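Two complexes are shown next, each including chain A; its partner changes from chain B in the first to chain C in the second.
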Partner chain A sequence: MRSVERCLTLLRAVLSRLATTLITLIGVAVIVFFVIRVVPGNPIAMMVAPGATEADIAALKAQYGLDKSIPVQFGIWLSGVVHGDFGTSITTRQPVLSLVLSRLPATLELSVMALIIAMILGGFAALTGTRLRGTRTEAAIDVGNGMALSVPDFLWGLLLILGFGVLLPVFHISGRVTPSLDLPFVTNFYLTEALLRLRFDLWADIVSHMFLPALALAIPLAAIIGQLLKQSLKETMHLDYVTLSRTKGYGENHVILREALPNAILPTLTLVGVQFTFLIGGTVIIERLFSYEGLGNMAIDAVINRDLPLIQGIVILFALIFTLVNLAVDLCYAALNPRLRHG
Partner chain B sequence: MKLNRRALLQLSAATAALGFSGLAARAQAIDELVIAYNVTLPAWDPTTGPSAVNPTIQGIYQSVFDQYILQQPDLKPAPGLLTEWGWNEDKTKVSMTVREGVKWHDGSDFTAEDVAWSLTRAADPATGNPIQFVWGTLANIKAEGNKVTADVAQFDPTIFKWMYFLTGYVLPKAYYEKVGAEGFEAAPVGTGPYMVEKFERNAFVRLKANENYWGGAPEFKTVTIKFVTDAAARVAEVESGNSHVTLEVPYEEYDRLKATLTGVAKPVSDIGMIFLNDIDVMLDANVRKAAAHAIDKQAIIDRLLSGYGVKIDTLETPEYDAYDPTITVEYSPEKAVELLAASGYSVDNPVKFKIQTTKGFKPKDYEMVQAIVGLWRKVGIEAEIEVYEIAKHYELRAADQLAPAAFYNWGNSVGDPTTSTGFAMFGPSPHSVWDGKDLIDMIGPLWGEKDETKRIDGWKAVDRYIAENALVIPLLQYVQPILSAPGVVVTPHASGALLPHLMKRA
Partner chain C sequence: MAEGVKMDGRGAVRRRMPLRLVLSAGWLTVLVLAALLAPWIAPKDPLAQDLFLGRMPPFWVAGAEPGYLLGTDSLGRDVLSRILYGARLALTVALVAGGLTCLIGATLGLMAGFLRGWVDLVISRLIDIWMAFPPVLFSILLIAVLGPGLSSIIIAIVVIDWTRFARVVRAEAMAQGAMDYVASARVAGRGRFSTMLTEILPNVLPTILVLLTLEMGVAIIVEAILSFVNLSISTDDPTWGGMIAEGRASIHQAWWVLIFPLVTLFLTVLSFSQLGEGLKDRYDPVLR
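And now, the complex of A and B:
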């Protein structure tokens, strides 16, 4: 009975968050739509040919629906969105929805890979620092964390390109996959699909392309994870139950991994969720730097070309991802936190 | 799992092997040419939408599609899909002869019908060709045998030049009508030297040589054009050997890398200039002339662009039809001081105005404007710099709302004066911000001038008038740096288009 009540409470919370998400998305849509039409630079001025007359310019505006008032344009766009039509990209003349959905998997895979790398690096640094606390190794880890945090991800990207693309050419520095390879994929989740199809040759090629951009994104996040987790572990290590397990004769590794870590990891998990959204935002610059065919790279082109429908589509999608990730984090936290889990 | 030294070494070796696995081709001789291109290709139809008038991607279009008339690397026209072209005696009709024996990439025959259909389609406002106002000057376009004829609805002396300029491409009538715009976008077909094998938007296009190309099969059988928009990443691409050719790298990097790679840097049909808007202080001829005389263009080229640039004093470069080397504007700060003094200005009482510029859109654009402002300050001009995006420049220029001075670059790959001085300086043009009646009256009759010698002389006179009255400040002709692997010889094209079929093995 109590578990049914808990489920209903959870369901109400989820529905309430979904309603908030919807309101957020509508707000974002309104702001983006109006802001990008108010800022200087319009797509028609960029494509007006030399010698075009006023009539030619008016015809171009009409062709792209930019001859109507902004509220009317918004009404048309919103009505299209409700029916699943996000409009047509001005530069590519392709439907916006299919364009952004085709690029989304690339960005998601890159972000998840970056997150995994960040968790491995950050977790390793935190555990090593805790295990060797008070030694020079801990001091070195702290210095490393500080450096990783103070250098922005795009600079890490440039350094990685120079280091592992030019001086020691181990990894690919541009693109997502080697163009000459034949891809048997039916989805755009190349990395996942290569693994599922057991095509390890393709998987290795994709990883070789993704590793440096993912690492550039991961380094600052790894430093944050490392710092917070180490701090949490240190605090937990002084709690009574940890002391008790030591008294029982468990080794230090067991005490850290089995006793302290499960409790210490909760604040880090929350942070990881929040940071993941920032990480997706960070892909914009990193994808550009590594010529990675994701959503971020497309976003920059859309802004440069003032491709209004495409900008709107990308921003809405980013907003949707951000809100859903936050929702997922809240749910994970509720599921993992013993106090919340047991009511 | 225990992480000991042995396990760590095994892990490192596995990681290195993973990385090397994708790079096996690097050590081999160049079999598949890889080009790191500076822009992306948004759409394949070279005759519609914003991409059609984007000069930077014409090189990719020209690899797949042929233009009506071939343009040689020195910008001069040559027989292409059209082998002959011209007007009748009274210039009321045009006639064109179409090359025979040419095949489309899908194996079908190229015919005069394709040319007539492409011209008719381009002239139809409904298709969205941004240059429709030019193609619309031809009417009643007909194909008969290997001849195409049309009536001249409105005489345009540059109509055949547009046939190797923006949107001047021949598309396959039967194929396009069969697959439609969407199908064409998915699988473009042309008659060009390369066929599209694979296209990943924002990533790369892989091209396969057209062995039946009428101009001879290209030397490199497979070409991959990677879209690498970041200049630092392009440098890394060629330096690491991931790409064999790249372009538009910073001049400092070009100088550094040409010692180990092959470098070619030739002037292209792209110029840097300062638009002067006839508002505020720019209505004073002394101010304009002083601003022009105070700029040491050669010093700017030498110090900021490492010498890669050609000083110009008109909007015509030496390759253009109306270039006149006798029109010069000397660098003379003394004369600038005198001119300003005549209008009551001095270093202590400077004339003030705003200059707009982009930052990073063209090589050292902002730095050049900073240098110019520094030179102006010495003679009594105090200019405030405003940085804007290129999109804002287009919008302001179309609305005739540019600041009194605005830095910009202008491309004119056909070299005709109408598409340089004409559109940039003719008041009614949406690209001009100088509305002086004198100039409009001078330029007006030249649009329809049928005597070619008289027309070109007329433009030279316009250029002289503009220079003498400082209605615009031309600065320099850009030089395009191209880097290639030692095994590749690149033939640069003065239009700035990087064409893989002009690349050979060393």
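And now, the complex of A and C:
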């Protein structure tokens, strides 16, 4: 009986969360639609290729129903978007959807790599700070965290370029892969595919291109993780059960890693989820900085060229990623949170 | 625990200024002076090109050209002079964009928090909707629609960031509004607007000041990023972001074109955020 109730509670949480996700996405679609409509000039002008004839324009107008009322237009536009029709890019004359999807894997791989680096760095800082609490090392870690937090990823990226591009040229500072290399890949998930094909030479080359941009994205998040996890660990270390395990004779490392960490980590995990969307947002400028061919770099080109159909496609895809990440975080939280799990 | 506020009880707040407040306020003072005095202290014309003097190194490196202290960029323009003039634009954006964001956000937050009722309802819903929309996407859309340029950047910053002020000021005004001194002002016959301006506003002012300081740092970095990708004012005019873009492009030939504007920007952004955090510690009622 209780397990049925538990399932119902969980199901209700999932359903209400799915509903809010849908509402957010519709909100984004409405905003994008109206902002793009605010642009001077009619929307047809941004769909047709330069040099189109009057007849082409009239045909397009009829096709997209632009003679109809705004709500009807929105309906037509939305159904196009839902079916993956984002129009044609003005600058490249290719369908927006295929352009955007071809760049998505690069951005996803970069974001995930940054997330992993941030968790390792932040976790290491928090654990070291807890282990050596009250020492100069802890104070140094606090100062480092404060610095990392007050300077954005853009500036960290530039400092990394300066440091590794000039002083210590061990990593690549532009591109995604060395252009002269022969790539056997069928997907755009280069890093993943290199690993699956056991091509470690290519894998190393790709990692050496991705490491600095990923690190720049990771530094502010690592600082947040470091601060929050250290704080939670500090609170947990004062609890009775931790003291008890100490009196049982366990060493300090065991107490921190095995006893305190599992209980202290939940708030950090929730925060990481929320912050991960900020990290993905940061890829826009970081990809530009490192000439990394992802979605963000494409977005900036699109803004410079005022390629509105492409901008529209990129914004909607980013919004979709953000909401999906938030959804996944909430569902994980529901599954991990003992209060929800036990009804 | 914040610096300068150690465990020594009542005297804590009157202790000397914490080091980070002194350092950041000092750097920002230097910067403001440099911006104001740029036409008099800049050794060269920031726009003057001299292709024969392209990529000259700074003064301590062999091969430096006398008179060009921090070297020149690829077009032979003086790096130091461009940094000094660039400070004018950076600080203008910080003041105008930060100030406008603060004015609009704080006003709306104050009204929502103190007047409550339908005013609060409308403003809070607006804040919720705004918060749900990722700022990066918002700025891409806005700049795409408004087109590049300084006024677009300022509009984008104000439109996106007003919620930072509104949210915090609303909560603070709400907390203040529940206090006895506000009730006694009302009993003494003061009107609602008068109470809001003379009783509530002075008490939330420290919070507004902290947020304004942080926002100025944000505005400077946003302007730098947009001039880095060439979406700010024209490329000839000296901007730190534009200089950084040029330095990034010639990193393997001339590191000084990147390092000097980068360090200036780094110190400025760090100073604004440290000043904001330092002020927060000083004025935080919990610490006090």
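Here, the second predicted complex is superposed on the first by the 291 of 343 C-alpha atoms of A that agree within 3 Å, B and C clash if a C-alpha of one lies under 4 Å from a C-alpha of the other, contacts with A are read in each partner's own complex, and residues count from 1 in each chain.
Here, a contact is a pair of C-beta atoms (placed from the backbone, for glycine too) under 8 Å apart; a residue touches a chain by one contact, two chains touch by 3 or more.
Since we're looking at a predicted model, the values are computed, not measured.
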Name the chain, either chain B or chain C, that contacts more residues of chain A. B
With both complexes overlaid on chain A, does A:Ile57 touch chain B (first), chain C (second), both or neither? first
So, does A:Ser150 touch the first partner chain B, the second partner chain C, both, or neither? second
Looking at the overlay, what does A:Leu158 touch: chain B (first), chain C (second), both, or neither? both
Have a look at where A:Ser98 lands relative to chain B and chain C in the superposition and call it first, second, both or neither. neither
Identify the partner contact of A:Asp205: answer first if only chain B is touched, second if only chain C is, both if each is, neither if none is. first
When the two structures are overlaid on chain A, which partner does A:Val284 contact: first (chain B), second (chain C), both, or neither? second
Look at A:Phe322 in the shared chain and tell me whether it touches chain B only, chain C only, both, or neither; answer first, second, both or neither. second
Using the superposition on chain A described above, determine whether A:Arg306 touches chain B (first), chain C (second), both, or neither. both
Regarding the shared-chain residue A:Ile173, is it in contact with chain B (first), chain C (second), both, or neither? both
Where chain A meets both chain C and chain B, residue numbers: 158, 161-162, 165-166, 173, 288-289, 300, 304, 306
Touching residues on chain A, where the partner in the complex is chain B: 40-43, 45-54, 56-57, 59-60, 63, 89-94, 99, 102-103, 158, 161-162, 164-166, 169-176, 178-180, 201, 204-205, 207-209, 211, 288-291, 293, 297-298, 300-301, 304-306
In the complex, the residues of chain A that touch chain C are 24, 27-28, 31-32, 35-36, 38-39, 146-147, 150-152, 154-155, 158-159, 161-162, 165-166, 173, 277, 281-282, 284-285, 288-289, 299-300, 302-304, 306, 308, 311, 314-315, 318-319, 322
Would you tell me which residues of chain C are touching chain A in their complex? 129, 132-137, 140-145, 147-148, 217, 221, 224-225, 228-231, 244, 248, 251-252, 255, 258-259, 262, 265-266, 269-270, 273-274, 277
Complex interface listing, chain B residues touching chain A: 16, 18-23, 25-26, 32, 36, 40, 42-43, 45, 48-51, 53, 125, 128, 130-134, 166, 181, 185, 198, 200-204, 206, 222, 224, 226-230, 232-233, 236-237, 239-242, 388-392, 394-399, 418-419, 422-424, 428-431
